[in-house]
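Chain nomenclature is as follows: A, B and C, assigned in order of appearance, with residue numbering initiated at 1 for each chain independently.
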């Protein structure tokens, strides 16, 4: 395995924010289904960590991210205990805009980092790109399956997975240039984030399959 | 891996009973969905072994329990062939009380044994407790997902997972005392079983997330 | 691991056809749910590769088939881009009969090959037979779960899994005779295919569980 470059402090902040945004989407969905605390915690946990866990199972990589960092599981557990007042507060003090930005940032970072990992594990290119997208979207897919819904990301037409897919190929393409791995990682992460925000701003949608 | 202590004969009996209770819940659900024999067997199998299988996949432990003990898969297969008359008989000769006791006993045993396994695999504490609960509840969760239902354990408010969670922490706490591992295992298994029966007797429920 | 015998060119053709039939079933289902391109690709991919992937995860075998052969993932991706006109064409030029034959051939080949693999990995007999059936049917099961349906194969009464199951035992039985592994593989694959076609021709069904 090649060394995957990271800037620990900044990454950690983005990571926590992205996990919180994932968990938050789980709280919303679990609430809609009138789940109890067990469901609220589990659905939030799956929304936050499902994508990365599926990627690691497919790549046979262990220990899993959340097994090594139990502090994240504990954080979601504590938030689940106060999910009802928490959600009310979140809606009052945080605008949708902030959540979309945080989510897009997480998508960019996790996709780029996953493509890097998949390439380090010597996956072929197209599969490495797929692994990046899986990490970005399957938390939401598994959340929706557990909540007995057709996954949103497969039908809402928001080009979430598409942004991740293009950014994954940018990362792969940059490997053929002279730029450093660090530069490739940050550039493609930023590209995905910006592309997602632009498509959100202009409300661009995919057609559904007719 | 540390040695996980077991009393083979008694454990084997509890194991079989717990597997049968799990399979039974699958028969009930498959019947409600008017499945054929393939569905009846598969749903019963998933209900009985899904939790332990998910735990082993997350821990990357192989061979899986049911792969090593094909007699359990064969037992469920034979029962699935006679599921219709079997269920009628079960309802006539076995009261709900017996099934709840068997189920609670299985929950206690499997949770405690899974926490022991997760600790032997050097999981951090909170994750070890989660692995115990996952083993206890995810058979039912996967059964409900396959049957296209929102998992009961996430919304019925029965403190099933909560009892397992407290018992998992009792096991972990006992590791810091002088008691033997055997004692810790049986005490926490018994604690979970009794706690589940008490909450059932007094019909205690969790609130749903409003 | 024992050597699993293969005739590369013929197997490759059958493999591609079987993957296309699986992907096609995903296109149909994704279309019914009005999914966008992301959903169409993912559901088709899961329908084509879900069964083999689950088997490999249960056996802890890596790399996964589609990770080593990215050309298949790319093929499904390209087809997903043209799924709408493609499906119209398929319906015009390919009769249901052709699709059933292709599907039955794939079922025979993949089941027999999976049983061979599971036996090479020293699974007990009943489990090896189960692994064969899982490979044959879980692509469709996972497709239906993602599409929020009760899996067809569990309730439509078509003896799809049953044919695979009998053929798996034929393969296992032939190991106790003097015939070569090649012969055992092809005989049981052909047996499954023919049995499936016969049950289709005469419209034989399993009873649902009442």
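Just so it is clear, a contact is a pair of C-beta atoms (placed from the backbone, for glycine too) under 8 Å apart; a residue touches a chain by one contact, two chains touch by 3 or more.
Each chain and its UniProt protein: A, B, C = Trimeric intracellular cation channel family protein.
Small disclaimer: the values here were computed from a predicted structure and weren't measured.
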**Fill in**
Among line, ring, star, complete and other, the chain touch graph is complete
**Asked** Same or different: at the subunit A/subunit C interface, is the fraction of residue numbers used by both copies above or below half?
**Response** different
**Asked** Whole-Å distance, subunit A centre to subunit C centre, using C-alpha means?
**Response** 31
**Request:** Going through subunit C residue by residue, note those that touch at least 2 other chains and give them in order.
**Result:** 57, 60, 145, 148
**Item:** Residues of subunit B defined as touching subunit A within the complex
**Value:** 57-60, 123-127, 130, 137, 141, 145, 148-151, 153-157, 160-162, 206-210
**Complete:** The residues of subunit C that touch subunit A in their complex are 27, 30-31, 33-40, 42-43, 53, 57, 60, 62, 64, 66-68, 70, 73-74, 77, 83-84, 145-148
